[in-house]
Amino acid sequence: MTITYTLDVSTSKVSSFCKLLLRWRGSLWKSVYKELFLWLCGYTALSLVYRLALNPEQRIIFEDISVFAYRYTDFIPLTFILGFFVSLVIDRWWDMFSNIGWIDNAALYVSTYIQGSDDKVRIMRRQIIRFLVLTQAMVFRDISIRVRRRFPTLETVQAAGFMSKVELSILEEVATSKAKYWVPIQWAMLVVHDARRDGLIQSHQAVQDLLQRILEWRSGLSRLSHYDWVPIPLVYTQVVFLTVRCYFLICMMGRQYVNNTDRNLDYSSPIDLYVPVVTMVQFTFYIGWMKVAEALVNPFGEDDDDFEVNWLLDRNLQVGLQIVDNVASEKRPPLEKDFFW
Amino acid sequence: MTITYTLDVSTSKVSSFCKLLLRWRGSLWKSVYKELFLWLCGYTALSLVYRLALNPEQRIIFEDISVFAYRYTDFIPLTFILGFFVSLVIDRWWDMFSNIGWIDNAALYVSTYIQGSDDKVRIMRRQIIRFLVLTQAMVFRDISIRVRRRFPTLETVQAAGFMSKVELSILEEVATSKAKYWVPIQWAMLVVHDARRDGLIQSHQAVQDLLQRILEWRSGLSRLSHYDWVPIPLVYTQVVFLTVRCYFLICMMGRQYVNNTDRNLDYSSPIDLYVPVVTMVQFTFYIGWMKVAEALVNPFGEDDDDFEVNWLLDRNLQVGLQIVDNVASEKRPPLEKDFFW
Amino acid sequence: MTITYTLDVSTSKVSSFCKLLLRWRGSLWKSVYKELFLWLCGYTALSLVYRLALNPEQRIIFEDISVFAYRYTDFIPLTFILGFFVSLVIDRWWDMFSNIGWIDNAALYVSTYIQGSDDKVRIMRRQIIRFLVLTQAMVFRDISIRVRRRFPTLETVQAAGFMSKVELSILEEVATSKAKYWVPIQWAMLVVHDARRDGLIQSHQAVQDLLQRILEWRSGLSRLSHYDWVPIPLVYTQVVFLTVRCYFLICMMGRQYVNNTDRNLDYSSPIDLYVPVVTMVQFTFYIGWMKVAEALVNPFGEDDDDFEVNWLLDRNLQVGLQIVDNVASEKRPPLEKDFFW
Amino acid sequence: MTITYTLDVSTSKVSSFCKLLLRWRGSLWKSVYKELFLWLCGYTALSLVYRLALNPEQRIIFEDISVFAYRYTDFIPLTFILGFFVSLVIDRWWDMFSNIGWIDNAALYVSTYIQGSDDKVRIMRRQIIRFLVLTQAMVFRDISIRVRRRFPTLETVQAAGFMSKVELSILEEVATSKAKYWVPIQWAMLVVHDARRDGLIQSHQAVQDLLQRILEWRSGLSRLSHYDWVPIPLVYTQVVFLTVRCYFLICMMGRQYVNNTDRNLDYSSPIDLYVPVVTMVQFTFYIGWMKVAEALVNPFGEDDDDFEVNWLLDRNLQVGLQIVDNVASEKRPPLEKDFFW
Amino acid sequence: MTITYTLDVSTSKVSSFCKLLLRWRGSLWKSVYKELFLWLCGYTALSLVYRLALNPEQRIIFEDISVFAYRYTDFIPLTFILGFFVSLVIDRWWDMFSNIGWIDNAALYVSTYIQGSDDKVRIMRRQIIRFLVLTQAMVFRDISIRVRRRFPTLETVQAAGFMSKVELSILEEVATSKAKYWVPIQWAMLVVHDARRDGLIQSHQAVQDLLQRILEWRSGLSRLSHYDWVPIPLVYTQVVFLTVRCYFLICMMGRQYVNNTDRNLDYSSPIDLYVPVVTMVQFTFYIGWMKVAEALVNPFGEDDDDFEVNWLLDRNLQVGLQIVDNVASEKRPPLEKDFFW
């Protein structure tokens, strides 16, 4: 589920900052704590070995390795690559969200252009909406693990009311090895065509507008499936996720407090704090930043921050049908002078 | 309220720079002074402890910790993450502003395409405008704390003249657990449809154009509510706001003047200035930069720089009604030869 | 006035680089020399105090402060914030320029769709153009100090021929406390409506296209006034402009040549050059970069690089009227076979 | 073939990270291993020379060169230029993908607007689709080495069924030295024109919409060929690819373990690890990042991550024909009340 | 001429990298070699002075200056400003290229909507194309030095067949001090208007579409002339180009090998290589990067990478006329069943 915290940041005060920190779901703490714990275990193990198990000669080697690791972490510039990568991921994530598909535009146009309250015209209106949402369900099944789990087969989609049995059988008869997203879209367009032929739509312009709305719907969904099909190149994702972790693996050695012997080491800490405080802050910072990318790289997954696609499907079907049905009722504002007349 | 200072920077001179600095509302000073004061208190406390309360052995430990803190702050790269984050926030903020909704386009089209000065057609024109502004009020109630405070219930919206009592009751009858933003939009579209049916609109193209304007209005508002619903991922916001503050917490220790003893510390300042001048500049710089993000991350809140949404609602209703009414009057420029004929 | 230097850079040669450097108007030199001079005065004063006025003990303190300043300037990362800020300012500046409003599109459509050469139709064509340019003049008066100076009152706008006296009085009768930019736009739209009603425009499509052009014109201008009304948040501008100057204030102390005594200072320059050559280069570089932002943050001001809005107003009125009038003349290319037939 | 790994990253867990790493096709490992091996050979050779072949005086020279190389690599800032370059390449790559051309929109419009099931109208529908895909094949032949290999001549394109023999001969008769992409586009447009003339299309609006779809198709393809014709300036590509490799060439010397003699070298590693562990990590990191750019700079090539253009051509022809044929069949959802009635 | 190298990079292999390096036209080598040679001359001169001409005391001063220069170059952060500047330049360059104007869209629409093969209608079709290309020629004359050289006067444009003598005289009679780009555009629009009036165009929608295409053509060209008129602010260009060169001027001194005396200089190279190898790499890197910007800042100039505008003018005229003429011929694909029927 998307994590909304906008209300907490309505003013820029220290108190809103604190409220922001105290959240758990979708928070920094939740995403970082496991890996931080693992890292601390490794760090402690190494530290104990150094302090308790090694003899002086071995300690010298340990210290040399630590100094080596300390100095060479400089060569791995995390900040920069994370900055560029997170920017890229967020751009894609937001574009996906913008194309996720809300039925309102199409439903409002249908309800305005296809008037009438007899059964035939009501069915037509409802069919257009249903076919559009059905396409959405078909696309979502292929890109979202949650929707796939809810609808393992097309039969379950049918059972949920997105299509009738007849429609399902027609859909299955279409013989193609490629995706069939276009079939319900075509049905919707043909309903528009028929409505015009039967005089239920008043003008050619209305057809033009309705097809335009359906096209926009289709284009948004096809954009989603393209994002799913052509992700950020694997090399890039691997480079980023791997480098950040390698960095902290090296830090596990390089940030040890190794000033127990008499040698004067330029690069060691002047004091033995036992707990690597600053490195923990740094870890939280970098791993948290990376987690932003990890969570958003596939926003149709099951992270806290991912889109609630199942909810959206139900919402679209319900609201869409309601919008096109509402117009059949007689409950409309009367023509009367307003307050400011 | 938005802070306009464009006039002050009409030329790039030192004097305009000074004028810019002397502002208070929405300024750097106002956003930073509280946290800077808190930080200085902490810094002074630590400084006094070091100078007055500690014995030499404790001082050495203090100094070691200070040197440790001084050196390790290098590992926290604020600039970069702030740069990327502020860019992201500003992009979103400006896109929100661009979609905030000005009634002019819709009102001008309504006034051009739906001519006539009898009561019925005037009511129709005014209704379209009113329904659009009503949608805006409904959306703003859900995303802005200011508008929510002004209109705690739909009744108060009605009382303010955005809708009539009958309309409110119809609106409330619509049975749905989802947001009802689409209801007044549908009303507006149906008024357009009726006006065409009754011959008040001359052409199908006019209907097409009017629905297009209404659609743009709706899309802008729906974009706003999406921005509210899906903010920047919480992890990202937390990482940024937390890291900046952690950095200065560590600096509180690391930027102490600790050269009072005889030890030769490479990393300490060569001179004791008592006041951490440069760190204060740095604090103002980073915290100020971060405050840009904090204020803009929710521009519908109550910061100095946030959008004046209540003003906008009133403005839209007033100007919108005036535009569509103005066309009924007979006061229009006569057809006469101009100055350059 | 905009500074055009495109011709100088038509090839990438050393000579074109030199020609580029030798310009004065709108150049780096012109924007930097005053502040550089001020800074050099400060630097020289400090340098003279150190060399002539201080006794050895005071010199040591001076040197310590200088070393302190030298080292701590590292904490202020100018490059990064300037890079992001200048990017933002340039994006906004170019978007403003793109929306500044050229009458050609509207005028060409008017001249094509509204044919005829009798007085009435000529007046109509000219009125549409004039009303559009009038709106532009009204918007520019509010956002540009130059246009405001040329047209302190609406009467002066009228006197310049942008509207007739009757039009001015009608405009003034519109009772609103808000901006009246929409009034002439509405006039223009109503002329289109009347032309269609009187059969001067042949089709509904033509009305649609003409209104579209007028809408684009209005949207561009409204975008301009939004940019004026909601500038880059004040905090951001202050942070950037202040930090750059603070940096060089600290450098005034930190870049002194302080190796006159026998102390071995790691951070001082190995040689006394008297003139801070590299810091001057750095000053020119950073302040010049910042000046880009200072000049473009309000491109409707009075800097060398700002838009020539007064010229544009006159140009739009003249060219717009010429385009719509030209069509009335009989001077058009005859239908004859071309060179490549 | 495009590498899809979206499913692996549906949640942000350590296990999904591991699954991500274990891939081979299109992975970091596959792109880096060859060059890493070469680099290690060079490194080992130098190392052996130093350890076995040189006498003490030569060793000192070797060490000096190594220290020199170690220190001067700082002057080559890889991260930054790679960040900007990869951003640019990815933007272009994604824009290419977005314009690659899916026939669905055009086919759906054709099937809706051109109704009827007799042979003539079916041929017309199929011709439009075929001409569009033919254009795509012609463009792809010029920009993709894979398609060129599949279709070395236009005859092979004809043989694959994209056009008939007559069409090929007409195409070849068009006398021009420029690309002939426009010819099949014109054919498609003329079919639309003829269908309207013969009354198979009901309205002018339908013609408008169909031509619009064809235009979008053409614009996308022309954008692709522009990207092919005007790549990122050669200098930029050379600078980036060369610098990264130069950097590691210098590192081959600079990262040697040279502390075998008694000299105290500030810059050498405190311990001799024989294997340059951190540099290998760094190598994987930078070369991997650069490989992202190398693979995407021409996404119509033969890398693992490149677009499957041959598949797309076949898919477009097959699905396009199916869509327009499907409408001729009588298998359409009946008008019946839905589940939620 | 644009440098196309896409084929060379169709796979990401070491061999394609080598092929990339071996190019000369438009390459890094060609852009850098002259300035690198100049710089090496300066460097050698200084080096010889130091090694041969100076006595020991002078050498010490030389060395101090060298160390000073070495250390202070750190203050000039080239990478960052180059990154942002090159991004900006490339964005503008690509947008210019995208708006450069290809006649195909307009020609295809003209050929579809204006049917017929008698002389009058053929002339009309050809006139529209010719007027559009004429506008392009007029704009290009003002922004490209190459086109200006080919067409020093409007008479030469006429002589090349872009317009007839009558048209030229009408064009010259238009009395205005401003650019006359709009005149041929208006002619083209009026031809469309006349064709509709004479019944050669079947529908109002066709007029709408044709005017739209002409408008897009005009907007693209006007965008080009705006880019020419309002370049990147001069200050910015100067800052970037100057700083890069200043940096290497300082390096000329700072990268000398100055360890010939007995003094222990921390900052000098440990070994005397005579040739400043790494600095040469760095020079190639930075100057090459800068050359990207220098070449693209005015892509209508005469660099290797600049657009071939003369070729484009001829191509547009030739292809445009061919497209609209082709439709008059009877050579069109017959309606026959296709391969997959």
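Per-chain numbering from 1; labels A, B, C, D and E assigned in written order.
Methods note: a residue touches a chain if its C-beta (ideal position, glycine included) is under 8 Å from a C-beta of that chain, and two chains touch if they have at least 3 such contacts.
Just so you know, these numbers come straight off a predicted model, no measurement behind them.
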Contact-graph distance - origin chain A, target chain C: 2
Touching chain D and also chain E, the following chains: none
Rotation, 0 to 180 degrees and nearest 5, that superposes chain A on copy chain E via CA atoms: 145
Cα-centroid distance, chain B relative to chain E, in whole angstrom: 39
Chain C-chain E separation of Cα centroids, rounded to whole Å: 24
Residues of chain C engaged with two or more neighbouring chains: 31, 80, 83, 87, 204-205, 208, 291, 295
Chain order around the ring, beginning at chain B and proceeding next to chain C: B, C, E, D, A
Of all residues in chain D, those that touch chain E in their complex: 31, 34-35, 61, 64-65, 67-69, 71-73, 75-77, 80-81, 83-84, 87-88, 119-120, 123-124, 126-127, 130-131, 143, 145, 161, 164, 166-167, 170, 173-174, 176, 178, 181-183, 185-187, 189-190, 192-193, 196, 204-205, 207-208, 211, 215, 218-219, 222, 226, 228-239, 241-243, 245-246, 250, 291, 294-295, 297-298, 300-303, 317, 321
Complex contact set, residues of chain A against chain B: 2-7, 9-12, 14, 16-17, 20-21, 23, 26-28, 31, 79-80, 83, 86-87, 90, 97-98, 102, 104-105, 107-109, 111-113, 115, 202-206, 208-209, 269-271, 273, 278-279, 281-282, 284-285, 288-289, 291-292, 295-296, 305, 307, 315, 318-319, 322-323, 326-327, 331-341
